[in-house]
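A, B, C and D label the chains in the order they appear, each numbered from 1.
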Amino acid sequence: MTGATLLRRIAPQLLTLAAVIVLVSIYYPAFYQIVYVNDRLVGIPIDVIKRGAPVALLAIGMTLVIATRGIDLSVGAVMAICGASAAWSIDQGYGIGAALGLAGAAGLVCGLWNGVLVAFFGIQPIVATLILMVAGRGIAQLITGGTILTFDSDTFSFLGSGTLLGVPVPTVIWILTGIGFGLLVRRTALGLLVESIGVNLRASTLAGINSRVLLVAVYMGSGFCAALAGVIATADIRGADANNAGLWLELDAILAVVIGGNSLLGGRFSILASLLGAMIIQTINTGILLAGFPSEFNLVIKAVLVIVILVLQSPRIVPYLELLTTRRQRVKAPATKMEAGK
Amino acid sequence: QTIGFSQIGSESGWRAAETTVTMNEAKERGIDLRFSDAQQRQENQIAALRSFIAQGVDAILVAPVVATGWDSVLEEAAEAEIPVVLLDRMVDSSPDLYLTAVGSDLVHEGRVAGEWLVSAVNGEECRVVELQGTTGSSPAIDRKKGFEEGIAGADNIEIVRSQTGDFTRTRGKEVMESFLQAENGGADICALYAHNDDMAVGAIQAIKEAGLKPGEDILVVSIDAVPDIFQALAAGEANATVELTPNMAGPAFDALEAFFADGTMPEKFIQTESKLYTQADDPAGEYEARKDLGY
Amino acid sequence: MLLSTRDLTKSFPGTLALDRVSFDLKAGEVHALLGENGAGKSTLIKCLTGAYRRDSGDILFEGEPVFPQSTLEAQAIGIGTVYQEVNLLPNLTVAENLTLGHQPTRFGMIRPRATQALAQEMLAGYGLDIDVRRPLESYSVAVQQIVAIARAVHLSGRVLILDEPTASLDAREVQMLFDVVRDLRVRGLGIIFISHFLDQVFEISDSLTILRNGRHIATHPAADVDRMQLITLMLGRELAEETAVRHRPEVTGTSADAIRFTGVGRRGRIAPFDLTVRKGEVIGMAGLLGSGRTESAEVLFGAVASDSGTVEDASGPVDLRNPRSAIAAGFAFAPEDRKTDGIIAELSVRENIILALQARQGWARPIPQAEQQRMANDYIARLDIRTPDAEKPVGLLSGGNQQKVILARWLATNPRFLILDEPTRGIDVGAHAEILRLIEDVVAQGMSILVISSELEELVAVSHRVIVVRDRQHVSELTGDDVSPDTILRAIAAPHTTLEAAE
Amino acid sequence: MNIRALPLYATIAIFLLAYLVCYLQFPAMLSTRVIGNLLTDNAYLGIVAVGMTVVIISGGIDLSVGSVIAFSGVFIAVLLRETGLHPLAVFALLLAITTLFGAAMGGMIHLLAMPPFIVTLAGMFLARGAGYMLTIDSVPIDHAFYETMQRAYYLMPGKGRLTLLGGTMVASVILGMILLHRTKFGTNVYALGGGEATARLMGVAVGRTTVLIYAFSGLMAGLAGIVFSVYTSAGYPLATVGVELNAIAAVVIGGTLLTGGSGYMFGTLIGVLTMGLIQTYIVFDGTLSSWWTKIVIGALLLMFILLQKGLLRLRLSH
């Protein structure tokens, strides 16, 4: 993608993010303040990019899954499993390397499970991942024994609350993961192949794409991202909370992907745009906390903001907005679903 | 004897401990305990109670997820002559419909916490931030109400920010971080009141990461008395916690035994103690005593 | 005038699909709409029926301007349409498909019996004896097409529009359709007929309208133009040389470098058969609809794994477990149903062209952008694919151009054995000749080709030998002088062939 | 035999088989009590699943229903507490609101061409948020009419109760069957599920149908809310979290394809009863810890779906 087309692709997300920030700073004018104290950057924007880490990570994997016309409802539960595995192995004294390895492996295995159900057993993605969504928390609790499994390891908790050059480590992790996945899919042909199976699985298989293996790989990627998110969540509170880690985060992740302008019907995707979507959601969440409304208003505010964003980004509205903003020639509306499509 | 136990879920360490303690108590007494986890949903609990009745158990323990909505199923149990004992939370139904209720008074817990804070600040100006439990849950509502009652007389104490932390560590930490941001890096906060210890533990980390000393710069008071908060108390990072004992089943089984033996009707409400623990109450020892209870 | 358009204009991003087109349809005439792939025929139809919103211009129905916003409204006026590509709803029963929107009801409840009776009645006259209670998807494409026609005919009180209705019909069914059309013409309906089969056009039409690049070129009474004139009008130039019906001698090349299929087949789909494919050979495959030609092709390509037999070439056994291994072995397969099996609608023309090559190279070795661009532009030029640029999503191309993109995809892999299932279906005369020439070219370079086609002339023109398939069995192989439309027809015509679809 | 009905037959067979297995282990499972409970306890789920079935067959999904049930309970409870309205009047008002709510979601889905998953997800937040705004307490409902409704049951031999709620569910399923299989609207729903573009070209009024589908789902969610409020005689904004997923699971177990276009209303009833059966079995067993409960539910869900797939493949290959 050239710079211009990339910018055109993510422009709606950038505008939305800007708008949300402006909105928040109306209620909380000190929003932009960032100071450098105790070797770390402190400020609301820093909070946002730190707190947004789990959703951002989940959104990376979710983007790929959704690009294949799937959905992964299990990521929250997978976070819990991986966090619990990591905490367990630290607790057993196996050290941080083993903990990370175990968490990563657990995430990959969960992804493998989902992927096999979808690709080889032909179970519909929502149902296939619903199974792990339900059972996964049970597995996580099995590991923690139902308690919040706490541990004492400063190296491990560094992953959750440490900083690198003043930047929170979770932020560094999601940005690096985003870049890593971005390069992986765009510098190789993976991105094209994923988009292809998302649009037309049958035709792609006939064109020689190994769609089953690719599907499994995509779900494993999602599992791996969930593992990273789970590690961060666990390290952050120095304990594995099997019940609450990542609870309902799958919905936020899906929302992030959609706000990122990716179609739930599969096909074209942009990880960068999903990450922006995740930041939009986190800005809303943080903004609600800062604004100081009674907490019973939280959901309604979030719902209304999300609806407004979605309406403004909807394929039916975007062309009009583009006409308003760029009054030059008639621009292509990439998001427009083709009329003659399926 | 077969006794059915309908538990709310396993959403917190405290509840896991309650489950463990109940199972242990049952085992000690040779009771065949049928356990059912309702995954936080009342409809599952009602269905479980109905199944217990259909199965013909001798008695039912239930930790109701919410106070309302129990009338008809309790009536069914009464018709089937199965005594029901409520654990740790109350219901709105007529007391005739259950044998007894074992629990603590949630409002009272909040009040104890509030009163502690009043005495701790000793008349100085104090801006308090509050971490609420899950919006709409009865502990969140009652503990908020109790705390407000506890500080009602003290004009020097004011709740400046109150948000839900969903009873979890993660959210406790996250919300505390934004409180700290919003209150001048935490300099304007004098105390934290958390509806449970888990949120307090998360918040303590947030306070530490912001470069402040929890327990000194910001007073921390919370409820439940789970093991981890005693560690914090021992380290001087928390100041007080109000105990909610997980052993509700012991008194319940006692009452049931007496009832089965000679029909003794227990009191309608068996209140457990809401003991206040501070740094002075041998937190290290308390931690050791609790750490294996399944919290 | 029954139905007219005045200066109808419709543009899509990057394409002016209709440029001030005026068109008149009289009552009681069959009016053929002709043009190359992408000329705008389907678009014109869709504007007429409200499926697309026109940019400007008028539509007049009996002189009154009308503004159909949806097919529903068009139906209310009495316009029945068979759209190109859009079949019916495969998940509904035949009866439901036929009666959708006008089911007989009582007190708001559908009467199943009456619905079925109505459906039977609608199908009467098409020689179709099927169970209307079964889902449409259990019947072959041809049956589905006839059902679509029956539905449109029933809905067309005043106007009937047929967009390439005969593409998947055999000669007998075409005649049946024409009988119905003639009958409707007598009853005073106006009928718009689109087809790339010029013989059919001349057989049934009263007048012809030719579109080119979205513009109205000419309208003539059918009797006034001849074939060559018509082609010249459509293409805007003379067709260099119309492929003559001729047949070539059998390739007697060494069978050493041949691919030998022995006893491959699939239970319930195609009986085991033998086939030897020599280098530089074109094998035709003929048969009625539903005879099992597609099934043969699928087995040959590994799209459906064979459950018997062996495949070998000079270097030993060939692995054909799935399309991927077949492609690795140098096979290629352009399927018959391009919409579900061929195109990746949302991806660009470029990406569709390089897809198979990329899949074969593996994900880790992406084809460089510049190379992709070069390849795409090369094939767009070579196959004359009508698209504003290589980045247009292929789903937005016209039907025939999509077919060419699929062809380009497989040529790009430079296969040694190319299977083409109905490669010229829905393709205009110009492109038709182009594709036949292309086949000649690649065969000259040593590629082997299997062509499945319902057009016997075409088969005879390109094939060295022809395999005839009947009732899911390979019944005969015609070589040398036996390859002629006549002999093929005789081989196909088995005593008991009926149109009834198999179980 | 009708090929399309195969998943339905598979579902029924599996349900009966599972019931037999349960019965062999716990004979009390066949008592009228358990059967009565199965209907009553799953009444709200069954009703909401009727709406969900229509939505899913049309190729959509409705994630808002769980929240709408909770909102309904709160709305009824608060209105009964604050005003002197008769419950029936409140019900009418509520059903109007939830139907409009559903219609609004359907309208957004159609007009803005947005995926149902996302629109109804926002609806889910909105409905629960609206519940919170009414009250965060659980509000008891104390009304003679509610008592009457709760006491309206037929005592079967063996003390099993055939309740008004269970009856309402069965009636809803029958209504759903008629709507889906016997009306033009129903055929349009299948048509949409078969392919929206094609359906449009065949003259289906896609917009109107979409709005009606989600309105119907909203109506059923409202009705489920009423049933739930009778069931618990209270309104509670935190109630029925995640019920939408149960409903989807029930519909899928009932043999309806999530991709739309195929399925039967009766299958959904079986799906709901199957879910209830799993729940009952776990309670009867009574030895599963909290976490094993979750794992077992997941495993059983998987087993049902695989069995169904297996049976289908078996039948189709013959």
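The rule is short, and it goes like this: contacts are C-beta pairs under 8 Å (C-beta built on N, C-alpha and C of every residue); 3 or more make two chains touch, one makes a residue touch a chain.
This one's a predicted model, so the numbers in the text were calculated from it and none came from an experiment.
The chains that touch chain A as well as chain C are D.
Of the two chain pairs examined here, C-D and A-D, the one linked by more C-beta pairs in contact is A-D. Across the assembly, the mean Cα position most removed from that of chain A is the one of C. Separating the CA-averaged centres of chain C and chain D is a span of 44 Å. Chain centres here are Cα averages; for chain A and chain D they lie 30 Å apart.
One inter-chain figure worth recording: chain B and chain D are separated by 33 Å, centre to centre, where each centre is the mean of the chain's CA atoms. Between chain B and chain C the centroid-to-centroid distance comes to 71 Å (mean Cα coordinates, whole Å).
Residue positions of chain A touching 2 or more other chains: 141, 146, 296, 298, 339-342. Among the residues of chain D, those touching two or more other chains are numbered 132, 136, 195, 197, 289-291, 293-294. Contact of a single residue of chain B with at least two other chains is seen at positions 9-10, 16, 19, 135-136.
Pairs of chains meeting the touch criterion are A-B, A-C, A-D, B-D, C-D.
Within the complex, the chain D residues that touch chain C are 2-4, 178, 182-184, 186-188, 190-191, 193-195, 197-205, 261-262.
Those residues of chain D that touch chain B in the complex are listed here as 26, 28, 31, 33-34, 37, 40-42, 44, 132, 136-141, 150, 159, 161, 228, 231-242, 276, 279-280, 282-291, 293-294.
Chain A meets chain B in the complex at residues 28, 37-38, 42-44, 47, 51, 141, 145-148, 150, 161, 233, 236-239, 241, 243-245, 247, 286, 289-290, 292, 294-296, 298.
Interface residues of chain B, counted against chain D in their complex, comprise 4, 7, 9-10, 16, 19, 33-37, 39-44, 46-48, 50-56, 66-72, 76, 80, 92, 134-138, 141.
Those residues of chain D whose C-beta lies close enough to touch chain A in the complex are 61, 108, 111-115, 117-119, 121-123, 125-126, 128-130, 132-133, 136, 195, 197, 245, 248-249, 252, 257-259, 289-299, 301-302, 305-306, 309.
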